[in-house]
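Report on the following structure.
Think of it as A, B, C, D, E and F in the order they're written, each chain with its own count starting at 1.
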Amino acid sequence: MSGKIICFGELLLRLGAPGQQLLLQTPTLDVHVGGAEANVAVSMARFGHAARMVGAVADNALGHAALGELRRHGVDVSDVQSVPGRMGLYFLTTGALHRPSEVLYDRADSAFVRAGGGRHDWPALCAGSDWLHVSGITPALGEVSANAVLEAMRAARQAGCKVSFDGNYRPSLWQSWAGDAPRLLRAIMAEADLLFASHRDMQVVLGHEVREDTAEQRFAAGARAAFEAFPHLSQMTATIRDSDSVQQQSLAGITALRDGRLLQTRRYTLAGVIDRIGTGDAFAAGVLHGAIEGMPVEQALQFGVAAGCLKHSVPGDFNWMGMADVDAFLADGGVDVKR
Amino acid sequence: MSGKIICFGELLLRLGAPGQQLLLQTPTLDVHVGGAEANVAVSMARFGHAARMVGAVADNALGHAALGELRRHGVDVSDVQSVPGRMGLYFLTTGALHRPSEVLYDRADSAFVRAGGGRHDWPALCAGSDWLHVSGITPALGEVSANAVLEAMRAARQAGCKVSFDGNYRPSLWQSWAGDAPRLLRAIMAEADLLFASHRDMQVVLGHEVREDTAEQRFAAGARAAFEAFPHLSQMTATIRDSDSVQQQSLAGITALRDGRLLQTRRYTLAGVIDRIGTGDAFAAGVLHGAIEGMPVEQALQFGVAAGCLKHSVPGDFNWMGMADVDAFLADGGVDVKR
Amino acid sequence: MSGKIICFGELLLRLGAPGQQLLLQTPTLDVHVGGAEANVAVSMARFGHAARMVGAVADNALGHAALGELRRHGVDVSDVQSVPGRMGLYFLTTGALHRPSEVLYDRADSAFVRAGGGRHDWPALCAGSDWLHVSGITPALGEVSANAVLEAMRAARQAGCKVSFDGNYRPSLWQSWAGDAPRLLRAIMAEADLLFASHRDMQVVLGHEVREDTAEQRFAAGARAAFEAFPHLSQMTATIRDSDSVQQQSLAGITALRDGRLLQTRRYTLAGVIDRIGTGDAFAAGVLHGAIEGMPVEQALQFGVAAGCLKHSVPGDFNWMGMADVDAFLADGGVDVKR
Amino acid sequence: MSGKIICFGELLLRLGAPGQQLLLQTPTLDVHVGGAEANVAVSMARFGHAARMVGAVADNALGHAALGELRRHGVDVSDVQSVPGRMGLYFLTTGALHRPSEVLYDRADSAFVRAGGGRHDWPALCAGSDWLHVSGITPALGEVSANAVLEAMRAARQAGCKVSFDGNYRPSLWQSWAGDAPRLLRAIMAEADLLFASHRDMQVVLGHEVREDTAEQRFAAGARAAFEAFPHLSQMTATIRDSDSVQQQSLAGITALRDGRLLQTRRYTLAGVIDRIGTGDAFAAGVLHGAIEGMPVEQALQFGVAAGCLKHSVPGDFNWMGMADVDAFLADGGVDVKR
Amino acid sequence: MSGKIICFGELLLRLGAPGQQLLLQTPTLDVHVGGAEANVAVSMARFGHAARMVGAVADNALGHAALGELRRHGVDVSDVQSVPGRMGLYFLTTGALHRPSEVLYDRADSAFVRAGGGRHDWPALCAGSDWLHVSGITPALGEVSANAVLEAMRAARQAGCKVSFDGNYRPSLWQSWAGDAPRLLRAIMAEADLLFASHRDMQVVLGHEVREDTAEQRFAAGARAAFEAFPHLSQMTATIRDSDSVQQQSLAGITALRDGRLLQTRRYTLAGVIDRIGTGDAFAAGVLHGAIEGMPVEQALQFGVAAGCLKHSVPGDFNWMGMADVDAFLADGGVDVKR
Amino acid sequence: MSGKIICFGELLLRLGAPGQQLLLQTPTLDVHVGGAEANVAVSMARFGHAARMVGAVADNALGHAALGELRRHGVDVSDVQSVPGRMGLYFLTTGALHRPSEVLYDRADSAFVRAGGGRHDWPALCAGSDWLHVSGITPALGEVSANAVLEAMRAARQAGCKVSFDGNYRPSLWQSWAGDAPRLLRAIMAEADLLFASHRDMQVVLGHEVREDTAEQRFAAGARAAFEAFPHLSQMTATIRDSDSVQQQSLAGITALRDGRLLQTRRYTLAGVIDRIGTGDAFAAGVLHGAIEGMPVEQALQFGVAAGCLKHSVPGDFNWMGMADVDAFLADGGVDVKR
């Protein structure tokens, strides 16, 4: 049972130093298309859903290339508008050992930001959809896109479309236009059915103190606060990550429900990480897939963590893994060569 | 004391996605030449033996390139015939973490298959040789090549040439022409002095049930069945592999002798696997080298496992490691930079 | 408080097989510029010091490229002379698992060697500097450069400039001209304030026997011998390395002082080594930075080990890491993506 | 005024040696997606039309990648079926000077051929379209696809959809299944409104003798024969190419109309050809664009030749040039850098 | 007799599609550092002069890399300030045949623009220099940098430093901030001794009508107007280019003197252009070199055209050619391999 | 009728900047194996002859790779000895337009030179061969190899083996050891049946003055002198090259016979040269092929020029073109894509 999902957000070009080189150590850059919501859209399309990207790109060769890349993965981009301006970029240096990967953003004043994400007929868009997904990056890009997020979410609720929101709090983006993050995020989260968020997101938004010892307790406390503050919220979920080195990490998933239940997956070891970017979005897409397919929450959480783990093995921002890949992971199909 | 070895089988071109990319994620493919028996031939040439490849390739630029690559490694290819048809190909996606590597075969109806491996004067070929090696892939390619394997092996026995056979059971190949694998493999194994095979191969061929608990016990049971069934067989050997992730594995070697002895090496950790393809053939070549050199069985097994472990560090299907490399491994020469 | 440091030595071009390939497995070589003293100079420039390279390169496109690379990192090369002859080269095959990396030197009869490192006005050079650094490679290149090292060091002492020497004992270089390593190195070490050296260096130079059990005890014994033999020496320091596989190692730092104190850092795990070449020089530069900045010895040792560890994540001979990177490492800034 | 066009044919993967290298001179292949009809479809999509590809691809990573590439260019692939089997391949060696480029086909027994191009509801497909385009390669692939072409064309005529056919006569394909090319092509051409064909195509199909001296006269004679034989035909068109060397060619366009008019463009010099593959398809797409837009025939011919010329500057099988590029060419916008 | 030259302008990163690919046809970009004045600075350093870049770059990894690249070529960058903001970028698609190369600027709101080119002590800078060079791009970037150009030029005149100005008129840059190009450029040109400008530049600045037939006559008329308007001007010079295709062009140089003399070089054929970007700057640097060396005007013009022609054979924005290369060109040293 | 040919000379590694880049403009080098005699050997093997390389290489990974590359092309290298020392290298910068390609030799003191080309049993080698080929580079490498050339040639004459010698005069090599080129070359040429040489070679060797106007006349005069001086000589041949630019050249062949006949081919235009290195050797191999096959001299000259022209389209030192390619060239098979 596949669904129709709308993702609203900015497309970015990632320009990365090859391998583990420093930025411009050699004069070549590898290009990927990304963006928190686009990453989710691609994953959903790969899981068999009708994924529609909504937003705006620069009306030039870079913007057109970004759209082409989404189309390649089967995402409908007819509602991404081509508008004057520049594409948002980010430069990536992939780390190793104790040297962390570094993102250098060059996304200020992008075509998306200037156009406030584009002008869209949200009621019409939501009428034909089952789900709307947005991340905290879209409202962080400016007043206009923050309001567009609210408008989109309210249209979604109106149309009986479920709403998910991924915290993705980036202080630097909010500071660049002095946006009142707590106020706007509270308004936005109040419209969400499903929240991808950590206790840190809740701290930013609700301002409560954190005194708990373990990651699980902190998450549970943040979730309790969220359920109190946001009446429509039925589920909050997150990953718990442990990083020994850039290449050696581990990942688990955790979900809190309004009835107080706290579900967790086992912790998966990630020895030999290829690309950590977009793994949170891959997790989110996995959980959304489970939700749309009507899986029990625990199973959806499992599916999300499996998708998130697999993304660590895929170069680029997008998760190329389909349902068969995730199912094989969950069935522990083994890692020897498949012939 | 080097020997003369004949390897009979198909040459394939491997077209692989670069690094850990998905297939055609970027529009480039890295090419390697491989094939179970060719891998053994190259290894044997690198260990100082006179290795002769016997078979057939497409009479076009791809076939000629494959021959050139074998010549480069010092393998005599004057008995590989250039015949009409296409080269067998396989596409490789190298995995990472929990995402297994994937082989997509495109070898159906190859020039080798059409020519049944080519027409060869087996008595003449065997007369000048010490050893004949074939893998289970050659008979799996069709009736004609299955019969050619039998003919070759019988000519070898006649000529006093030792015969080794590597199970390499691939159900999909047998199914493609509805070949009676158990019957043909039984006939073939009945000619072998040395068998590279696991208990699973024995199950396929002899149909007995497996009830043992450990890998060692299962191997021993399979070997007992093999010694009963195959009168010429003096040794059966295999690797035992453990895979935590694509990049994190371990390897040991095990050998059973007709007199009931069971020999094992210690388990070597492989942390940071570069290329797992061809490691079984590298192990086989190492064991064959030991046998031809007249090493005690245990030492030959050690040499084989060392060769197999080292192959995991070498990109491509061929094992570039020579005797000095294997000896340094066995002497634990350390892994710091050699200057 | 940044200082002025002179590094005297040869620049080399490293021609490396890409990735983990064997040398010339595919017909491409990746080029880096290196050399023990140049590596230190680049690191010092990145730490904010005025680093000056002294020496000689071939007066051709290769030599000019090497100079350009040093300039790119901010090293002053106006005292590297362009002289007739060839550039010293080395070919690198990067290992994996149990297959060690291999260096194939092609540096004999280089322009540097022929010119004895060039003709330099050492008193003038040292007058304007705080520190002189040389490694054991420079004297090993021939009588003339060995004498030049002595001349430089004595000029440095005269000018009140501190002197450090990095053992870097390479028997093959000394043998190529039958140089009397112990005698010359004793004379050289007698001028040093700070020695980067292991107990093995001390064995070569002082000839005493080693009977101690642990790496720490052997280092301490070597240091005691050094302090006895070399009156100006105030500190001897080294790394202690453990290598499970090419990609899996660990590193600690150790320092002995004239007053008998023995300082050690904790052992850092290096899981997923990118490039081991130049890590000793990165360590040395870190320790020198601490010394010039006036850090307590223990803190300087920490800084050195941190720099050395980080270098394992950087492709090439040079350590691109600056003070902010080392400080983040020491503050355990975490290894998740920095945005 | 954009239109809706259907293109029916096979998708191929081109595996090409990089630059001007010989095939497998170095072990890398550059991959492009192509196919005569797909090339037209991509061009039409770039010219702003709704282009729909109809056919079948292998249901594996290669087939999916080919579809993704068409989607990237905006071609609707929902009517390309994923069926069991292998992808058709061709290996390309790009020539230089007097050494011609070479295509090595490896397309026998492809998924498309096995599936006879797939099962399609031609009346429904044509009902919603303005134009159907097929090339002579599709019928040459086998009886089933030849019949499918006829069925498609008749459905198109029925639905009032214009029909174009591009000769593209490849003897080797017809010979591989002993197809009666003249008979089948006559039946097919009898359904065409617009024929891309040379006098050589007419010779094959109609068997008349050619006695004319110049290329123009030969084309005119072929066209006269075509108009006599094929009642629905209103236009036959072709390029006239002159090749001094692989990199130095020239191109003109020629069109014959049923009323006897013969139109020609001037001859354009092509000094520094980048990629000659797909240039005929680019020409065809340009002429089709003109026809669908309702341009006078002469202007459409101009547009076609311009598109064909520009394609020689674009790497790969597809013509990335859009209307603005062709218009700039026709307006002689100059070749200095556009800023 | 080498001199000291100051170049004031912005550094840009060029991100180019590899070979003749379309932008992002494959996901890789080749990076070069450029900028009209930087190109001149690098050329002058390669000709043996002390070249000093003055300006500002982003204080991030991209800005630091740009500085490193200038240092590599021997340009003194100690007066390029690292300031907050982004690096100016441009994306380059290299054309072929009739498809022109395309520059997509992404330089708005760069660190240089925001900082108005940085704050510099122009009297001090000019005091130690022989020459100041600026192009029309620097004033086009905004009011502040336009004023900085004027301030710099006046300080130069004051200090007895010669002043050259390269028109480089880019309407889009002026329009982006509605700058009064004619007024500001008149003020700037009034300070110049040497003008690199065409009659089109003079039209923009002086507004006179052009009625002449030939390129030479138009240049001469423009020059007459310039000498009337700008009292300090002693020489105006330009290249005359003819472009048959992107790869096939020709180049000549022309110079007008205040005394009415008009000097021209012969026209050089450029068959097989590698990189046209930066060729005007290479010409300018050649003429400046001649001027500083005290060559007769005609000889300096020759040197400039030779440098400009050679630049067409060099990938990237910078001209790597030194005096020996230009001299060999002028002496017609032949084009066969130099061994 | 194929023959057996021996080629005696040094193998070199060519390390080239990619594309038209300057040396180390980017830090990558493309590697080819070459050497005047090896180039001939590879060509002869490709033409179907039994080609045997005789000489010596460094006994390290580089030397082994060079041997592997010859084996790949089917050359017998069992008489190339692996000896201590370094491989000879050369660095290549490929030119463009007016910028000539540059070779930077780094071949001094190579393993070949040190071993004087190795110790060989020339009578035995020649006994089984039809032809011996050497170039002027081998004697220029030192007294020992010069004497080895003489010894080899005399053994060849003795054994009834034909002898060819290619002038290839490189003053810098002779100067490096102060060899008496004229004397040694006279002795060597006195043993040759077939000489590849220009009038310039004859000037060096015979010292006569050249007063002729045209290339043809100068060649004829040189040939007359040669026939007088060298009693065994029956044919002297050369190419005549014209170079407008690096990419735009032309080539013809010329041959003089002892009976005074002067034969010439037409001049072939080479527009878009890919690689000029090794084209003289390709020509020589073509002429030798004709001679061994017993072609009339004129036809052999044609074959040689055709082979030489085609080599300009092939990257690397070796000519990959086989007889079919040369025949197609001579038959003017056209340059459109071969399918």
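As a working rule, a contact is a pair of C-beta atoms (placed from the backbone, for glycine too) under 8 Å apart; a residue touches a chain by one contact, two chains touch by 3 or more.
Because the structure is predicted, anything quoted here is derived from the model rather than measured.
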{"item": "Other chains in touch with both chain C and chain E", "value": "A, B, D, F"}
{"item": "Relative to chain B, chain with the most remote C-alpha centre", "value": "E"}
{"item": "Chain of greatest Cα-centre distance to chain F", "value": "A"}
{"item": "Rotation in the CA alignment of chain D with chain E, degrees, nearest 5", "value": "120"}
{"item": "Pair of chains joined by more contacts [C-beta pairs], B-D or A-C", "value": "A-C"}
{"item": "CA centroid of chain C to CA centroid of chain F, Å", "value": "45"}
{"item": "Cα-centroid distance, chain A relative to chain F, in whole angstrom", "value": "63"}
{"item": "Residues within chain D bordering two or more other chains", "value": "22, 27-28, 102, 272"}
{"item": "Pairwise touch network: line, ring, star, complete, or other", "value": "complete"}
{"item": "In the complex with chain F, residue positions of chain C that touch it", "value": "15, 22-24, 27-32, 60-62, 65, 86-87, 89, 91, 93, 102, 104, 106, 108-109"}
{"item": "Of chain E, residues touching chain B in the complex", "value": "26-28"}
{"item": "Touching residues on chain E, where the partner in the complex is chain F", "value": "268-274, 309-310, 312-316, 320-321, 325, 328-329, 333-339"}
{"item": "Complex contacts: residues of chain D adjacent to chain F", "value": "19-22, 25, 95-103, 105, 170, 172, 241, 243-248, 272, 276-277"}
{"item": "Chain E-touching residues of chain C, taken from the complex the two chains share", "value": "68-69, 71-74"}
